[in-house]
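Each of the next two complexes has subunit A plus one more chain, namely subunit B in the first and subunit C in the second.
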Partner chain A sequence: MKKQLLLFLRTLNARAYVRIFGQMREATWVVASVLGGFFTMATYIYLYRTLGTGSEFSGLVVLGGFMTPFFLNVLWGVATQLYWEKEMGNLELMLVSPAPLSAFLVGLSVGGAMHTMLRSLSVLFFGIAVFKVKFTVLHLPLALLVFLVTLFSMYGLGIVFSSLFLYHGRDAWRTADLVMEPTSVLSGTYFPARFLGLGLLGIAALIPTTLGLDALRQLLVPSFTVRVLDWRWELLILIGLGLVFAFIASWALRSVEYKARRDARLTLRWQ
Partner chain B sequence: MKGFLASMYVGLQIESNWTKKWVWLLYLAAYPIGSFLAVIILYGVFGQKTGLLPYALYGTIFYYSLSMVFFDMAFSVHDDREHYQTLKYIFLSSTSYRTYLCGRAATRYLIALAGIAINLCWLVPVLRLPFHPSWGYFIAGAVLGYLVAAGLGLAMASVFLLTIKLDVDVVDALFGGMFVLSGALFPPTAFPAVFARIAEFVPMSPFIELMRRAVSGKVLTGFLSDLSTFQLLGRVTLSAAVLFALGSVLVSFGSRQAQRKGYIDVTTAF
Partner chain C sequence: MHTAIQVENLTRVFNQRGRAPFHALRGVSFDVSYGEIFGLLGPNGAGKTTTIKIMSTLLLPTSGCATVAGFDVEKDYTHVRPLISLISGGETSGYGILTVEEQLWMFSQFYGMETPLARARIEEYLKVVGMWDSRRQQMNRLSTGMRQKVNLVRGLVTDPKVLFLDEPTLGVDVEASVIIRSIVRDWVQEKPERSVILTTHYMAEADELCSRVAIINHGLILANAAPSQLKQDLDSRAHYEITVDRLDGKQFDLITAFMGEGNDLVLGADKVTNNPMLVAHLMHESDIVRLITALAGQGVTLEYMRKLEPTLEDAFLKMVGRRFEDEEAASPVS
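Here is the complex of A and B:
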């Protein structure tokens, strides 16, 4: 048991290390992703100014801009990662090693969250500095708690989806490309999720960013009133979602890996 | 021409042969929705009184059509070199690399326009969008818009040819920056005066405004309203000529340099 745990942690550490330091090697990657996030944020802030909404909407957009890199990292850095590993020929090496696949994915998530933090904080900083957005820091520890639980839940969802990419090829990649924008919109990244209406909100609540962002807005934007639920309830739901995703991820990885081995899909490239 | 058509066919295969034909047709129709979903929600909730929904919706979908060309050209360098490892074979073939890129991107553009057309079939009646197409301007605008985006895409592709580890985030950042400034989503009057002036000279702005007028049949806001539709067409023609010529020169230079430096078949697995 102790040996297995040690192996898990060492694998986690090794994969997280690559994610954190590998991504720092190219300054252009960091600069471009911060600029990309900033421009998207600027688009929505100017759009709200055009529409004549209150200034609190700038705060909502900046928080959305802060969470967007995490969302993109979950989608492209965790969920689709096994597809890229397969395409590059690394997956077979990972699978013949004694290290558990789940440890690779948790390592990816931990490393991904850490390197994304720098980008997200930069977007937040520029958002605050350029658009003069004000947040209340009265509930900062609680906001941090909500943020960490949201990350736990988001990356859990990412690992669930990564099992799909273990089996599928370009079709899964295309699907990720297809759902990226609608998912980002539905999770209320740039507007309060309550405006989605009950039907859409029910679906959107399954995306952890939706409730996580809503809770963060309640805690950090003083004039935010169009909440979905009280942040305490949202925190509980997020914890529940995180646990459910962790359970499904562990089950899905095992069963899809078995199915992929059986159908000889693990080394199938460019399909 | 033969090389261009062959490249278009390659583009079609890359875009479509990952699934069954009927699934791909659904995908083709569903893909553009992501580009305008936020517009419908935001203008539906907050902007009903402004009357800017047609302006924003047409602007966003036509920007989307250009972004497909722009992104596809830049990404295909990386995709062919790193992922499929076929870039060296393309360079060995008798078709020039510029022709190949243009052919692939033309397919992407046609696919994007087809997706837009399918979605307009329900958007126009449901949202009661003004729709009085001027087909002459529309076709001319669509061809010139392709050349504008291809010019920018070729320039970006030349940068990708000469840099091994450049991430596509760079393209996203450029695309994002031009999206803000082009006035696709809202009239640039919301900007500080300097940026509002710059917005008029972003290469995409006249194209988007031309297409808005060509489809809706009217001038929707004060942005570029001092130009007649014919003058807009002239401005788009000028942008297309300058950008495509510049892009062609850059990609030819980039191709030669990349071959000399041995960047054609380098893989980094990043």
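Here is the complex of A and C:
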């Protein structure tokens, strides 16, 4: 048991290392993604200011900009990762090793989240510094808790999708591209999710960023009133979602590994 | 226990959409002892890689069974995995942004190795392959040969009991190939509980490295023996090529008659000097003395003589009826 736990932790640490330190070597990519996030955020802030909405709208946009890199990391760095590992020839070596697939994915999630944190904090910093956006720090520890639970739930969903994307093979890229914009809209990244209406909110609530962002806005943006639910309920739902995603992810990874061994197709490149 | 690997009546069928099922393996059986380098030799699509994938727990067999170190690869795969390593030719695994050292450390962690031990082994093996000075180089800056050396080190660092080498020198230059072969040979001799399964379509590589070779084609094992045995079974006669200064038809007939039935002589010309060249297929090794005496008796001077050794390629040709390259060209899987 101890040996298995150590194996899991060492694999997690090694895979996270690639994400944290390896990707730091691609400085232009880091700068480009920070600037990209900043300019998208700036567009929405200017739009809201043009329309003469309250200052809380600038705050919710900055928080949306803060969470966007995590969402993109889950989609492109976790959900599609098993597929890319296969294309690079790593999946075979991962399967041949005694480490469980879940250790790799948790590792790249932890590494991805830590690496993304730098970019997200940069976007947040520029948002506050350039647009003079104000946040309340009264509930900062609670906001941190909501943020971590949201990440847990988001990355859990990413791991579920990684198995699905691997199974879909070459369509993974297009699928990720296809779900990126609708998911961003449904999450209410740059507007209050309540404006989606009840019907769409039912679907949107399955995306952890929707309720996570809404809860963070309630806790950090002064005079934010257009909430979906009370943040406490949203926190509970996020915990529930995270646990469900973790359970499904564990089952899906076992299933995908069995299918990989049975069909051979999943470990072969260009399939 | 002396059997590192036991494979019994292994079959694997690939169902292909809209096409007839492809029988990659049709009842393959063999075993490999500890301390042995066992070769699976065959053209592309023969079933070598499928066999290796089943033994390395990457693929389930359709029927039959295989055990590695006594563990069933289908049911006890979690016990098999810590004991094996897989190295494939033309491998581009890992992450280009990592350095050689980081990449090897990362893979060692997937086997739960303690970092100090992993670092010590990485240093040891990088020095063996002559890449210690390149340890801080990024993986995406390495040549194919260097990359394959790193792959070899990756496979050895975890100290496996069974090392699967799937075409390890594919696309690698001569110098790197020689180094890789030499390391594999030394590695297996270092500890008695180690063994290597090598798949290759380089006949000379199998001949040089393997204590036993199974020739596989269309999913069937056609022969399983030591390379020397396979070559010996091919033809028990001794073969020589002799270039002389002169030899006319009349002299040739006299010598042929002198050598007697069962000893075949063929007269041709040397491609370089255009001098007469005899190819002699002799019943007994000792008949060469009689042949040289007969040539001397005709006043002929020997310019060059060499013994022709049969190769594994000849063994393959005899078993399959086609040369290796022809079989590859005709294979449904390229």
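In this section, the second predicted complex is superposed on the first by the 270 of 271 C-alpha atoms of A that agree within 3 Å, B and C clash if a C-alpha of one lies under 4 Å from a C-alpha of the other, contacts with A are read in each partner's own complex, and residues count from 1 in each chain.
What we mean here is this: a residue touches a chain if its C-beta (ideal position, glycine included) is under 8 Å from a C-beta of that chain, and two chains touch if they have at least 3 such contacts.
If you're wondering where the values come from, they're calculated on a predicted model, not measured in any experiment.
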item: Touched subunit A residues, subunit B compared with subunit C; value: B
item: Contacts of A:G22 with subunit B and subunit C, given as first, second, both or neither; value: both
item: Touching partner for A:F191 - first (subunit B), second (subunit C), both, neither; value: first
item: Partner chain(s) touched by A:L178 [first = subunit B, second = subunit C, both, neither]; value: first
item: Contacts of A:Y46 with subunit B and subunit C, given as first, second, both or neither; value: first
item: Contacts of A:E92 with subunit B and subunit C, given as first, second, both or neither; value: second
item: Partner chain(s) touched by A:G36 [first = subunit B, second = subunit C, both, neither]; value: first
item: Shared contact residues on subunit A - subunit B and subunit C; value: 22, 25-26, 88, 90
item: For the subunit B and subunit A complex, residues of the former touching the latter; value: 18-19, 27, 30-31, 33-35, 37-38, 41-43, 45-47, 50, 52, 83-84, 165-167, 169-170, 172-173, 176-177, 179-180, 185-187, 189-191, 269-270
item: Touching residues (chain side subunit C, partner subunit A) in the complex; value: 14, 53, 56-60, 78, 81-82, 84-86, 88, 91-95, 97-98, 102, 105-107, 109-113, 138
item: Subunit A to subunit C touching residues, read off their complex; value: 3, 6-7, 10-11, 13-15, 17-18, 21-23, 25-26, 88-90, 92-99, 104, 260-262, 264, 267
item: Touching residues on subunit A, where the partner in the complex is subunit B; value: 22, 25-26, 28-29, 32-33, 35-36, 39-40, 42-43, 46-53, 87-88, 90, 169-171, 174, 177-182, 185-186, 190-191, 195-196, 270-271
